[in-house]
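Across the two complexes that follow, subunit A remains constant while its partner is subunit B and subsequently subunit C.
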Partner chain A sequence: MSSELVLFYCLASIIIVSSYIVISLKNSVFSILFLVLIFLNAAALIMMLETEFLAILFLIVYVGAIAVLFLFVIIILNVKLSEFYYSIGQYILIGSILGIIFLVQTFLILDTNIEFHFLDNIHNLYPEWNFEVYSQSNIEALGSNLYTNYMYVFILAAIILLIAIIGAIVLTIHQRGYVKRQNILNQVSRDFKDSVYYINKIVK
Partner chain B sequence: MVIIINISDIYIFIPELYLTLTVFILLIYGIFYSTNKYYGYPILSKNFGYLVVITFTYILFLIINTPDFLSTYFPSFFFFNNSLKWIKTIFLLVGICYVFLVISNISLEKLNVFEFFLLFILSILSIFLIISTFDLLSIYISLEMLNLIFYVLATIRRTSEFSTEAGLKYFILGVFSTGLLLFGIALIYGCIGITNFIDLSLFFQSIMKEKSILEIPTDLLLGLVFISTAFFFKLSAAPFHMWSPDVYEGTLTSIITLFIIFTKITIFFLFINLFGTSLFELFNVWQKLTLICAFFSLFLGTFIAFAQTKFKRFLAYSSINHVGFIMIAVSSINYNGFYSLIFYMMIYILINLGIFASLLSLRNFRNYKFNHQIRYISEFTILSKTHPIIAFSILIILFSISGIPPIAGFFTKLIVFLTCLKSSLYSLVIFAITISCLATFYYIRIIKIIYFDNCNVWLIYVPMDKSKAFVLSFSVLLLTFFCLNPNLIINSIYIISTIN
Partner chain C sequence: MFKEYSILLTFICLTFLLATIVFILSYIFSVQKADAEKISAYECGFNPFDDARTTFDIRFYLVAILFLIFDLEVSFLYPWSVCIGYLNNQGFYVICTFLFILTIGFLYEWFKGALDWE
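Let's look at the complex of A and B:
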């Protein structure tokens, strides 16, 4: 058993156990922390495939943005304990049957062993210096592809971001006419000589 | 590395480019004027509607004057041919009709955000991108663009609980189906490393010469099943239809019109592009999937519609029924299948324009100040006396949906059945004919409620405005007088769908 295989089994088993913990815990803050643990381990798995950029992206997007967003929502909603007190026995039979069917089908379809496929991509331990020096790094390869061959799709993705901004503004900003707002132009252009004056100046 | 932008690519892309630039300009214009104290914070929604009509007429000229040749552009992410040009033209005309349809209702429904029409232009842009997509990656990007707009539009009445519920439901299920789509694309790409449509079709042609379908790697077939499931989700075909009645019930009627009219034809066009060209060699697999979906959507779309009391839910199940018929056209894999699909979609769009024009104009006064949209089917009683014109047009449209002979709906079903018979799917045709006979029952039940039921309380409706009346008369007259010269429209649609 090579060291990569041991590492893979460790990470994968941590992922499976902690994903069970995520759905079984009553306290939602703890379950999100376990979700972060899953993301970390998945990022480590991606790192094993030597695609560092994807692993870092995974961490930034999922841990940095989505998990933190979840935490914010839970803290804002102030839900300490989950309100769903259900018994597991209700679902365990049908759930396990469906799960076993799904697993069997998946392994029939993807008939080769997943972890051997996985380990095919991992290079041997000794670095080939020739290869290391003259090959592009991960980010370079991704960037050169994104900005040349996939440029148009990339621009469309930018338009999607614009739509997301418009949508967020439409759904959240509620403009009322009677609210007094700060007008910076008026504040800045105000002259201190005119700001304090006698009333009779107007009367004239 | 030098990036070469082909001038001819830009030349073909000019209508979409113009659309994008218009969006930016209108966005700046709207933000500047609607927040301007000097102009008194004007409500720009009606103004934006007319600006959209002007924009669309300009793009109509641009599209008609685009060159007639078949090509792929933007390193084969998108393609262009002659039939696409005419379908884009039809989309623009329908878009103009849509603006006329909703322009008075957005003020009645107090939808005072100018971004509504902006999102509408963007959705037309994304529809153009979807129907001209030629790569698995650009499918994902352009579909996501359309869906994101529609999630926002479903939730746009954010103070209403119905609307937020509908938007959330649409969002979650839409994202789920997009996940399936991405997983399917990833499986196909992981197996053979190809995403382009032409490359896929070449690959499958060469592989099917040597091997039978059983020897094809199962990952590939799984990917195909996932992609088609995602499409069925988006089309709300029957086993995956659960979200659509809830979404249709919750969202505003003027926005549901947009969903019903534009999404179905777009996704079907994409489906035909992907499965009819690139994955055509695997038709043994996906024909079965479409047959199952056709069967279920005919069955459930008819029998669940019996139980509905709300008109919008009823329309949702009716549209599921329509999807079943179109699925029949798709699953009869011959050259006429595509053309009968386009023909069915055109008449479907006409029917929906008419039915929503009449539904949108049925707003009754609760008192002199407030009016609200009619929701229940039972509220249609004695519409024949309170609003005879709309009652008559609903009569024509429902006859057309159910397929009573002289009206256009009959010819669509006829052509679909004929193409289906050509590929010898006899049992499906017999089943579909029986189902459509049963379905006439509930369409005629509404006509009975409109014409023969009695009620002591007469509702008073908001008068119908000119633009909506224009759309309604356009649809109803075209549906009625279609039988005078059916070859004219049938032949023109045949030409549109077969020139390349």
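Let's look at the complex of A and C:
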């Protein structure tokens, strides 16, 4: 076996084992940490497909943002550890049905053997210099397609982000009635004669 | 696969190996005489007063979500800044539209006072 195939099997087996650990742990914070391990290994798999920008983006979005949001949700929900005891028997039927559907869909879409792609590159150890010089990096390939051919999808992504901003603000903000804020205009325009006076003046 | 990332893989394996060695050695060589007082949780010397998971303000969550959105915006801008040289006018106007739509969201967030800490 080639070294890339060994690396692929190592990363994929780490992903499978730690995804089992994610759903079997009682403490949900540890589950999030194993989820981060899954994301790191999946980013390494994407790196093996020679798309390094997507791998870094995967790390930024999933580990830097999604995992942090999951941690927030877990802490906000305030779940006690003892509530997690359940029997696995009541989920095994629906879980296996969903898993079989997912596997069938995956094999229908990806109708190729995945090790075939890795075995192509074994004998290609020497760099092809014209390919190295004249080819685009994958960031350039992504950018030259994203902003021209997939223009409408890009604008759609902006609209989805806008909806996310508005939805998050509407859901979580609550205005309190009386809030002391620092108003610089009031502070600067405050006059000495109006602010210092005898109490007698009011009594009269 | 990128051949220049193989040294990164070597370093990852080395760090994993080193962390495992340090962990196992500290487990082996330390004296372990655990009793109930030594391994129970404490809080500044006292017994813990209440649960460690206290509720906190939802505003932290809002800040995290807004960070995520503008993080994604920068991630969308990065390939554009790399290949701005051979994109035509259309690419420029597309990015202007993108920034305009997100600026609407940013103004909404600003005037709604979502980033003000009361």
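By definition in this document, the second predicted complex is superposed on the first by the 133 of 204 C-alpha atoms of A that agree within 3 Å, B and C clash if a C-alpha of one lies under 4 Å from a C-alpha of the other, contacts with A are read in each partner's own complex, and residues count from 1 in each chain.
Note that in this section a contact is a pair of C-beta atoms (placed from the backbone, for glycine too) under 8 Å apart; a residue touches a chain by one contact, two chains touch by 3 or more.
Nothing here was measured: the structure is a model prediction, and the numbers come from that model.
A.B. asks: Check whether A:156 is in contact with subunit B, with subunit C, with both or with neither, and answer first, second, both or neither.
C.D. replies: First partner only, subunit B.
A.B. asks: Examine A:48 and indicate which partner it touches, taking first as subunit B and second as subunit C; both and neither are also allowed.
C.D. replies: Only subunit C is touched by A:48; subunit B is not.
A.B. asks: Thinking of the overlay built on chain A, is A:72 touched by subunit B (first), by subunit C (second), by both, or by neither?
C.D. replies: A:72 contacts subunit C only, not subunit B.
A.B. asks: So, does A:7 touch the first partner subunit B, the second partner subunit C, both, or neither?
C.D. replies: Second partner only, subunit C.
A.B. asks: Scan A:169 for contacts with subunit B and subunit C and give back first, second, both or neither.
C.D. replies: both
A.B. asks: Answer with first, second, both or neither: which of subunit B and subunit C does A:30 touch in the superposed model?
C.D. replies: Touch status of A:30: no partner.
A.B. asks: Thinking of the overlay built on chain A, is A:142 touched by subunit B (first), by subunit C (second), by both, or by neither?
C.D. replies: second
A.B. asks: Return the chain, subunit B or subunit C, that is in touch with more residues of subunit A.
C.D. replies: Looking at subunit A, the partner in contact with more of its residues is C.
A.B. asks: Please work out whether A:109 is in contact with subunit B alone, subunit C alone, both, or neither, and reply first, second, both or neither.
C.D. replies: first
A.B. asks: In the superposed view, which residues of subunit A touch subunit B and also subunit C?
C.D. replies: 144, 147-148, 151, 157, 159, 164, 166, 169, 175
A.B. asks: Considering only the defined contacts, which subunit A positions touch subunit B in the complex?
C.D. replies: Listed in rising order, the residues are 108-111, 144, 147-153, 156-157, 159-160, 163-164, 166-167, 169-171, 175, 177.
A.B. asks: Can you list the residues on subunit B that touch subunit A in the complex?
C.D. replies: It comes out as residues 1, 3, 20, 27, 35, 41, 74-75, 77-78, 113, 115-116, 118-119, 122, 125, 129, 137-138, 141-142, 144-145, 148-149, 151-152, 155-156, 158, 218-219, 222.
A.B. asks: What part of subunit A is in contact with subunit C in the complex they form?
C.D. replies: 4, 7, 47-48, 50, 52-53, 57, 60-61, 64-66, 68-69, 72, 75-76, 78, 121, 137, 139-140, 142-144, 146-148, 151, 154-155, 157-159, 161-162, 164-166, 168-169, 172-173, 175-176, 179, 181
A.B. asks: Can you list the subunit C residues touching subunit A in their complex?
C.D. replies: Result: residues 1-2, 5, 9, 53, 55-56, 58-62, 64-69, 71-73, 75-76, 78-80, 82-83, 86-88, 90-91, 94-95, 97-98, 101-102, 104-106, 108-109, 112-114, 116, 118 of subunit C touch subunit A.
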